[in-house]
Amino acid sequence: MSPPETAMEPLITVEDVHTYYGKSHILHGVSLYVGKGEVVGLLGRNGVGKSTTLKTIMGLVHPHQGKVLLAGRPVTNVPAHKLARLGIGYVPEDRRIFRLLTVMENLRTGLDRHGVTEARKQELLDKVFAYFPVLAERRNQAGGTLSGGEQQMLAIARAMMLEPKIILLDEPTEGLMPRMVSQIRQIIDVLHNEGVAILLVEQNVPLTLEASERIYIMEKGAVRHHCAASELKVDHPVIHQYLGV
Amino acid sequence: MSKRDRIIYWTGFCVVLALLIAAPLVLPEFWRRFLTEILIWGLLAMSSDILIGYTGMVSFGHSAFFGLGMYGAAAALLLFAPPNLWLAILFGLVGAAGVALFVAYFSTRLRDIYFAITTLIFSQIFYVIIFTWTEVTGGENGLTFRRPALAIPGLFSIPFDSETLHWFVLAVVTASYLILRRIMQSPFGMVLQSIRENEPRTRAIGYPVERYKMMAVMLSGLFAGLSGVLYAIQNRFAAPDFVYFLVSGEAVIFNVMGGIGTLVGPIVGAGFFLLLREAFSRFFTEYYLIPVGIIFIAMVIFMPQGLLGFMRRWLNR
Amino acid sequence: MEFLQTIPWDLILIQTLNGIVTGMILALIASGLTLIFGIMDVVNFAHGELFMLGAYMGVVVLATSGSFWLALVIATLIVALLGAALQVTTLRPLLGRDPLTTILATFGISLVLQNYALWQFGPVARKIQEPFTGQFTLFYLQYPWYRLVIAALSAAIIGGFWLFLKYGTYGIWIRAATQDRVMAQAMGIPVPWVLTAVFAIGSGMAAASGVLFGPLVGVNHAMGLDWVLKAFIVVVVGGMGSLGGSIAASIFISLLEAYAAIWVSPAQAVIVSFVVLILTLLFRPTGLFVPTPK
């Protein structure tokens, strides 16, 4: 387990962010942080703004109010493509891989960057193919022909091509079979061991509690609860309160 | 609309109307005709607003409706002697309605950009037909004819001069505005606006969206044709140039400049554009359309709601 | 048997060649249009004017340098830059807004460009000299070499571009941004600049067609209008956003029109393209050459 964050600047800080979609006020002052190499879970019912929070961090939507900081530097209005280059990886809900591009081309969208040697590119590819052998097999197949689980792997692999400092994972296990779910669980561990921070949005509570070090719980566009993951069990009253059916 | 709003609205309306009635009495001939033309183009743009502003369908086909209205009137004025005003109007409306039916049939199948491009191509189809069918339409040279008199057969006959023609056009345009406003405020108009806001939702509620769209196109086509008739009467000629898709483009420009979804906005837009063009043509004799075009582009970027856009909600209450 | 003799075989042969030549040029124009539409949902009304300006640039460079090929290259580059400038100033601010606004903006641009050309070059048509004359003999007919060269060149440009799209890094960026602009950004692709580049490329392609086609027709300020219309038809018939479809549709429609021109006047032959459009919309609205979605 990594040491508790103390005086070091967190990797990602979200400070009192208000985000709108058109006229809808989705985020009502969200504040959270993710430290270097930390795995942090973000829980909450559907529609509370978890995905919007991730999109705000990624720069895909810009907040009306509030700040987003990357290692202490304000990046609130920096466009998404620059943030990706600065080390934020994003794996959205529905995976959203490029269906008409092959697996290899999908990976290349992240791999083809300035300042990366051919050798390093090959290293990254080898690594990812080692973790996801199925992608190696299908490397020349169009993304749209992959199964749901394979697409999820491709989405994560693609983000890894950016050599990110943090990966924003939005409901990675949704719609996957249990076997795939545990594979995702393993990947989270692997990434964690490599020092990549993860902000994990999930509906799967047990998995999130197991994988994360800290938990945020959101409701109605704001963070309502924040604690160490170890303090929560699946049947904890707080879980029932914010996530219970 | 609250009582107070209503008073303000109708007062404004009457003031503007009074100004327009008085105008030909004080303006020199050139400006008299200019004003009449603004009204006619304004009517065309207003008809286009039904589709763009209220139903959310961008159409570049209005030159076809306008053109057919013009040629329809021409047909009546050439076929029957003495030239009869009411027949001209009738023929023009029928011609425009025919085209509108044709376009309406396709409108139901296409959305957004496809609809826009297709209407543009349709107006070009009519252009080509009119341009090449020289025996009937006079081809490139168009048709010339005499202006009919304001007449009720058997009762009276007053030939038009530029003043009375202006008042006639004003009457027609005003009546059209009032009718259209009434229609847009009726349940029918409300459905159209709901289609503009959220078509799938409107369909899900149970409205036969296709049928409403077709009726919107027919309505729009009729009034566009009417403006074509008025143009024919004023200018005494019909030419294929007016069926070219650029005319539709101008109608859309008037709409955007004036403010879509307001009905009067397009008339103001027409006036604004035509005045700009006139003014610039005096300073930059050759390439006056360049600054006008630049102003238009700037308006699209910085003032997309148009000149009267800020009044849109108010005008529709 | 007698019927077979009344068929004007030699005319058909010539018109087949003409149709292919025109088709390739149309394909070059339409490709640019499709590309632009596919990646940024912009219906570029000004495309015909870019074609026209390309032709005029060709006239100017040819007059000063005497080299047709230099004219081709320079005209393409200048108009590509112009396209980039236009996109950055007028289309970028409109990104994300109602698609109507981009149609209007490009319509406004076309108005300005047309009148600019009219102002600078006057209403009299100019001519671009063919780079070489000479005809070859096909059976017993004569057909100008130059026309074949244009067709080949257009095909080469399109082919080269297709290869770039398929294999080049930036080609992958363009394809990714066309499919999913948001995720392309999240992958670090500088999408705003990709859009500008695509608009520039499309403009350049239109300009190249203008120069290539220049010797065949007169160069005048209104030449863009008819072509943009035809290009739109081709794009819709070919399936909006489908590069292969636009190319196929270009050749298909051009051939049909060329054949029709044997019997009717060219002004009337354009009705062919209109009819094809209507039939496509009625029966296969997603595009004639695109498999119907299930």
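Going in written order, the chains are labelled A, B and C, and every chain counts its residues from 1.
The rule we apply is simple: a residue touches a chain if its C-beta (ideal position, glycine included) is under 8 Å from a C-beta of that chain, and two chains touch if they have at least 3 such contacts.
No experiment lies behind these values; they were computed from the predicted model shown.
Novice: Let me check something: if the centre of a chain is the mean of its CA atoms, which chain is farthest from chain A?
Specialist: B
Novice: Please list the single chain whose C-alpha centre lies closest to the global protein C-alpha centre.
Specialist: Going by the distance between chain centres and the overall C-alpha centre, it is C.
Novice: Hey, how far is the Cα centre of chain A from the one of chain B, in Å?
Specialist: Here chain A and chain B have centroids separated by 54 Å.
Novice: If you average the CA atoms of chain A and of chain C, how many Å lie between those two points?
Specialist: Once rounded, the distance between the two centres reads 43 Å.
Novice: Taking the mean of the CA coordinates per chain, how far is chain B from chain C in Å?
Specialist: The separation of the two C-alpha centroids amounts to 33 Å.
Novice: Flag every residue of chain A that touches chain C in the complex, lowest number first.
Specialist: 58-60, 79-82, 84-85, 90, 92, 96-101, 105, 108-110, 112-113, 158, 162
Novice: For a test of understanding, state which residues of chain C touch chain B in their complex under the given definition.
Specialist: 41, 43, 90, 93-94, 97-101, 103-105, 107-109, 111-112, 115-116, 118-119, 225, 229, 232-233, 236, 240, 265, 267-268, 270-271, 274, 277-278, 281, 285
Novice: Which of the residues in chain C end up touching chain A in this complex?
Specialist: 169, 172-173, 175-176, 179-180, 182-192
Novice: Going by the contact rule set out above, which residues of chain B touch chain C in the complex?
Specialist: That would be residues 52, 58, 106, 109-110, 112-114, 116-118, 120-121, 124-125, 128-129, 131-132, 245-246, 249, 252-253, 256, 286-287, 289-290, 292-294, 296-297, 300-301, 304 of chain B.
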